[in-house]
Amino acid sequence: MSVSSPAERDELNQLLQQTGRNDQKAFAELYKRTSSKLFGVCLRMLRDRGEAEEVLQETYTTVWRRADSFDASRASAITWLVTLSRNKAIDRLRQHREELLDDPSRLDETVDDQPTPAAGAETSQEYLRLQQCLDELEPQQQSSVREAFFTGATYNELATRCKVPLGTMKSWIRRSLMQLRTCLDQ
Amino acid sequence: MNTPIEDGNNHLRYAEYVLGVLDADTRAEVAHEVLVSGEAATAVALWQRRLMPLTDTIGDVTPAPYVWARIHDALQLDAPARVAPRKGLWDNLQLWHWLGIGASAVAVALLVVVSLPRPTTTPTVVNAGYMAATIQQDNGSTGWTATMDLQHARMVVVPATPVAFEQGRAPELWLIPAGGKPISVGMIARDKPTTLALDPALLARLGPTAALAVSVEPVGGSPTGQPTGAVIAKGAIDAAPDAGGKVAMAGDGQADRPRDQSSPA
Amino acid sequence: MMSPDRTVPEVVPFGAKRSVTHAINTTPPDAHYWSTQMSAVSTQRDRASFMRIYDHFAPRLQRYLRNLGVPDSVADELVQEALLTLWRKAAMFDPARASLATWLYRVARNLYIDHVRREPHWLPIQEGLDRLDHAESGRLDSQPESSLDQDILKQAIDRLPPVQAKLVRMCYLESKSHSEISAELAMPLGSVKSSLRRAFAKLQGSMRAQR
């Protein structure tokens, strides 16, 4: 699914706004066009199909109920939706944090050393720009940021995974955020 | 030196929130800030715009079809097959809102619904096809009125006076069969009419011995399947007055003052 | 106080910059080195310079704030804020007036004051400030304060940084209006007001400590 064209974006914005007005058809169409992206995100973060399905369901239930709070001047519909699904996934991870930490087999799956765009996926200009800025980071710091973003891990979990002291992880991430911020705002 | 006036955009904590590294408590704090402070909301939105493009690298995965079915059920959306094509009185939410002044008024209106000639080929509506309930709050004022259309297996719940709920809480409607456990009918809106589909199990239990109740639940509904919060309103279900009885409404559709005690909304 | 101009030293060409860094690595960077980095940040938005400043000053600011008694978690945030402020307002830095270290410490400290001000216990101090602001035309000395308080106040004013002390004297002892002070010292009105606020925050602090 491509959401990189402005026209596509506008259409999604409109569908989300219509959903906010209880338009069930628009909601069904919105689901059809965005659920595979959101499900990809949920799966990536939770690494468990059942959990990801539940979180996806929660996400769209919330979309239906809260779509009227969507403000197109703040974010595009797709950003709003992805953010919502990530937030739900992170909340879920926080609930199950102990289980996940106790299951090393799951942790092994987490590290993705191939952070390349999915085959055939169209990447947006925003992504290319972000990628350039990420490339300016020290390799270790860049992979910490990615790990954090894609797995929703806390500072503590990241420090454990990367086998560095908590303070080091914090300063890596904060330094990276600072650098990204200055790079992206140019 | 003058400290520049800041817009909250300098707080790295908002970035950490969006990145997802904060623990549950701190996350909740920031989430709360976002709700109450425009500054925080803007800073978080900016960081979302900065970081969300990372999800471009995640491949799409099509979810199984049953996920949509579950969402559909959970939200009690009209199934495509069940969407009533006829735009009649039933679908006129304005009217339902106006009717929110009391169950009697709804009942009166229903008399009109069933007795007015309809531009449709549907067989004559059975009089007993409707039931109504006034769901009263503890202080005696009407919280919602519910009207059940048995033929079409649906219920419209209209708030009389919007009830205040704290953040994160919402009203959930329950059917309580005589001597039975509450059955969730669905989440209802506090400030506008809600149309709910009634499944056969629920339909079978509707009747003069059953009651409706509204409890305070998390926005997504009771996590246990049973009411977990305070019951704030309840009311018995009555069959709508028989259409053969007196029609307390003038032919031009102007309702007489309903003869009930409840105060107008 | 810090005017957004201007005595910015000549911008080091990009190619030369790296070698400057290397040369400097052997000796501790001095004020001149940092003001060069700053000018690269403010005129070219040079991120490499910014990150050099960040890497050098973040731990130092952290220690500085910790020494002020700022809790670690708050200090962490303030350090980030201070450095982002530097990034965004680099043009306000004037090497003729203060070294980068001094400037940054001041930014961090002011952010801390702002932070404290948002805390509930700031209230008593805030009330004191409001009372002082109320006496806009400067009648602090004519208010029925005990002479002991007067003495403590005078001593506290003497302990303020010279500019702040001068502002306080002009405002409350010489009864000058903010705009008069601004004109007389050629200082922006906003700076006069904010410096006075800060001075009073300090005065309130030392007054309370004395009682």
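Per-chain residue numbering starts at 1, and chain names A, B and C are given in the order in which the chains are listed.
Basically, a residue touches a chain if its C-beta (ideal position, glycine included) is under 8 Å from a C-beta of that chain, and two chains touch if they have at least 3 such contacts.
What you see is a predicted model, and the numbers here were worked out from it, not measured in a lab.
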| item | value |
| --- | --- |
| Comparison of A-B and A-C (more C-beta pairs in contact) | A-B |
| Chain occupying the middle, per Cα centroid | A |
| Chain B and chain C: spacing of chain centres that average the CA atoms, whole Å | 54 |
| Inter-centroid spacing, chain C versus chain A (mean Cα positions, whole Å) | 39 |
| Gap in Å, rounded to a whole number, between the CA centres of chain B and chain A | 30 |
| Multi-chain contact sites of chain A, meaning residues that touch two or more partners | 174, 178, 181 |
| Touching two or more other chains - residues of chain C | 80, 84 |
| Touching two or more other chains - residue numbers and ranges from chain B | 12 |
| Chain A residues touching chain B - in the complex, by the definition given at the top | 1, 4, 24, 27-28, 31, 35-37, 39-41, 43-44, 53, 56-58, 60-62, 64-65, 74-75, 79, 82-83, 86-87, 90-91, 94-95, 97, 115-119, 121-124, 126-127, 129-130, 145-146, 148-150, 152-156, 158, 173-174, 177-178, 180-181, 184 |
| For the chain C and chain B complex, residues of the former touching the latter | 1-2, 77, 80-81, 84-85, 88-89, 92, 98, 103, 106-107, 110-111, 114, 188, 190-191, 194 |
| Chain C-facing residues of chain A, complex | 136, 170-171, 174-175, 178-179, 181-183, 186 |
| Chain A contact footprint on chain B (complex, rising order) | 12, 15-16, 18-24, 27, 31, 41-42, 45, 48-64, 67-68, 70-71, 74-75, 77-78, 83, 187, 219-220 |
| Residue ranges of chain C in contact with chain A within the complex | 45, 47, 50-51, 54-55, 58, 76, 80, 83-84, 87 |
